[in-house]
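Shared chain: chain A. Partners: chain B in the first complex, chain C in the second.
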Partner chain A sequence: MTTSGLKIAQGRSGAVCVVTLTGRIDNSNAKDVIAELDALIGSGEKNILLDLAGVLYLTSAAFRALLVATDQAERNEARLALCSVTGHVRDLFEMGGLLDSFTILGSRDEALARLS
Partner chain B sequence: MRKPPSLIYGLEETPPPLVSAFNGLQHVGLIAINFIYPLLIFRAAGMPLGLVSGLLSTGILVLGMGTFLQVYRLGPVGSGYMCPCTFTAGYLAPSLLAARAGGLPLLFGMTLFAGVLETALAPLLNRLRAIFPPEISGLVVLLIGLSVGIAGLRLMLAPNVAPVADAEWTVAAVTLATMVGLNVWGKGHIRMLCALIGLVVGYIAAGVTGLMRGTFAPVSDAAWLGLPLPTHLSWSFDAALTAPFAIAAVAAALKAAGTIAMCQRMNDADWVRPEMKTTVGGVLADGASTIVAGLMGGPGTNTSTPAVGLAAATGVGSRQVAYAVAIIFVLLSFIPKLSALLAIMPRAVMVPALLFAATFIIINGIQVIASRLLDVRRSLVIGLSMVAGASADIFPALAASAPKALAPLVGSSLALGTVIALTLNLLFRIGVKRKVSFTIEAPELGSRMAEEFFAKQGAAWGARPDIIKRATFAVVQFVEAVAENCAQDRPIVGTATFDEFNLDVRLEYPGALLEFPDRRPSDREIRESEDGVRRLAGFMLRHNADRVRSERANGRSVAQFHFDH
Partner chain C sequence: MLRSIELTVRNDLADLPAIHDAWERFGAEQQVPASVVVDLQVVLDEVASNIIKYAWPEGGSHNFMIRLAVCDGAVEVEVIDDGRPYDPREAPAPVQAAPGSRPPPGGRGIHLVRQLVDRFDYERTGAENRVRLTKRFA
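Presenting the complex of A and B:
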């Protein structure tokens, strides 16, 4: 699925559903991220991993989308974790004081090992 | 500071003594290849073998002291990280010039000057980066690599040296083949210590082929234990050599800062950007170590990047290992037999070691250069400076015909190439617009517009990529935050002003002033209200820039973001 400047891809590794985001996440496409994750949680997925390796940057609207999805996952007793949060993107999480608001699990392989 | 999962023993942790000792030995083994630099310099100064051996012992003691200074944190000096000290290729070319021109006194005096200069530069690191942008730092590293390789080849191929015997070609081939073979096809410890193993194999091959015949007396005569007492201490200074040594000192400071950043990243899972207090402390210790070298009688030193890479690979970054490295260096300096064995190293072993080391330095320099967007200006700076640097080695007549005060500059590929690069870099700044305006016609075009604008201007200015990313984010986030309050038919007008040390972005827009709160809204406020998202935007913008300001002017709102460059 491609929206303005953002590509959302889905894959699976065992019991974990991996959602890969590539590009920029801002006000123009944050609603697509919420819709995608909402649909997954609604369909009964219990382990969702968001891979941010290909993300250029996230704005406040993007962080709202991730917080809404995390809250939605908790209500449905599902786990939503983030991985590959590095470089400038990690800088933005730190800048927003948001590192502790999410479950952030190192690299994709490390995250899959933890969630499996 | 949160310990990354890949680290088995973090900075503050204490591994069992045997683990510290074994890791310490590995680091010393890795660094040992660099003993060839002082060896080459002392020989160039025309020192007899016995004296070279004593000087090497003192030099190894300096490495122990330098490693200690780096880890201990004596006041502002020292980073506190496991970051061992080593002899460096960076000081090789200037030191050879000094050794040939004025012997040991000039070598020690100029080394002292370089150390003092590096410590003085430590608090000005950010400014240094502006004068030495990454592509010129990369060029300096590349020229250092070339000078190491050429210094090696001169030992065998220069017109004024003894012709190379058949046995020497054989030993050189065996030594180089061992280093290369183990590096390409070896695994684990063997691969890591390939250079040291190559040296040992080279010595054995030299012994078997008879190259060592008659040279072993200094080793037999040397004691097993002895104090590394500084000898032949006197200092002199030559203003003509300040440029080559100053360039080496700047290169050492930049490399030390880079190595300390590697240490920070290795030890902190949440690392985002270099932390300046330990970086400055690390560069101060690095300069102090070179001062100690100048005072005690040795060539300049630097932090060992491969050793920090090894610590990252083994997951042992404990401070205790650095103490072990320091102790091992000190112990080795008390074994004159070892220094004597190094001092008699045949050129057939030394030259392949220099060529092997040069390869990786050259590639490292190329990688740093290639990490930049090379527009026409930068391509010319790099290309012309490389040709100028190479000409110094290829046409020695250039230096011979230059005025005496300029001869060391014109005669050194490193110094000449760097000075040409710095001059061209300044010259080519002419015509690069420093103040550029842009217009965002509609908020939904903000992201693409900001990305394209800053990518283009960043390349033209030669701005640091991390600063350009932050400026891009500032505009994107700002436009998003004020979008709903803007009249759609009235655009946002922006101005970006750049110089070597500052990037200022000014945005003038129709709408209410945006708040830049110093407290982040709660997760719940962000989730449940538009105001929460907007306050998060203001909070992030405040922390993204080094300074923010907003005001009303001429009936419009103005936001200003300042970034230190």
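Presenting the complex of A and C:
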């Protein structure tokens, strides 16, 4: 865990670039999420999966980051999907009215099966 | 018995993690349920970041105060700043997406706060904005 409370790790499964977020995503570090996704999309990644299993909570700054990145992915003909959106994190997506605004694909395994 | 802590925060987003750490520690000490600690982390992030970003449009270095108190099965949060008058309860509801498209990125913070607390009060006293939030857990 970094001092900002958020760890961003990157891996690969076949054609899918998996970004694992661990910790809290808030107004102090959402810019790091935007920067990471911006760089990946800019480098030509076409299949990006964001795994939120380790996210303790997120705030509106995270939603803003994810909406901006999803728009950017679309402009670059890339796919950005989310997985492991459960429990309290899922409740927050629902409160934000955003469950239908993203591609949310169940567990990581289910998501990889769908994207591969 | 009322127990409380007071935090002085600069108008700098880099101060947000210190708020989160202080509340996590205090909430645990006071045996506030973990889910309530998390809900208020979201609330504190939204309210404090709004103040940091918008209370002093002229810029410069400013401080504001957050008081957190646990009493009788409830957490009381008071946030006091001397920025421009602003009642966050008047924040408009987020713009809904047109069918088949995504909503605009911003404007969801206060919408979340409304859903995460039981009371959301505001008053302007003298040159200060005072936001009071109550979250019950027992």
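Following the convention adopted for this analysis, the second predicted complex is superposed on the first by the 113 of 116 C-alpha atoms of A that agree within 3 Å, B and C clash if a C-alpha of one lies under 4 Å from a C-alpha of the other, contacts with A are read in each partner's own complex, and residues count from 1 in each chain.
The rule is short, and it goes like this: a contact is a pair of C-beta atoms (placed from the backbone, for glycine too) under 8 Å apart; a residue touches a chain by one contact, two chains touch by 3 or more.
Note that the structure is predicted; figures quoted are calculated from it, not measured.
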A:Arg90 touches, of chain B and chain C: first, second, both or neither? first
Which of chain B and chain C A:Gly106 touches, first, second, both or neither: first
Which of chain B and chain C A:Phe63 touches, first, second, both or neither: both
Chain B versus chain C as contact partner of A:Ala53, first or second or both or neither: neither
First (chain B), second (chain C), both or neither touched by A:Ala35: neither
Interface residues of chain A shared between complexes with chain B and chain C: 5, 24, 26-28, 57, 59-61, 63-64, 67-68, 71, 88, 92, 95-97, 101
For the chain A and chain C complex, residues of the former touching the latter: 3-5, 24, 26-28, 56-61, 63-64, 67-68, 70-71, 88, 92, 95-98, 101
Touching residues on chain A, where the partner in the complex is chain B: 5, 24, 26-28, 57, 59-61, 63-64, 67-68, 71, 88, 90-92, 94-97, 99, 101, 106, 110
Chain C residues touching chain A - in the complex, by the definition given at the top: 13-14, 16-17, 20, 35, 38, 41-42, 45-46, 48-49, 52, 94, 96-97, 102-109, 111-112, 115-116
Residues of chain B defined as touching chain A within the complex: 4-5, 269-270, 272-273, 444, 447-448, 451, 466, 469, 472-473, 476-477, 480-481, 483, 520, 523, 526-527, 532-534, 536-537, 539-540, 543-544
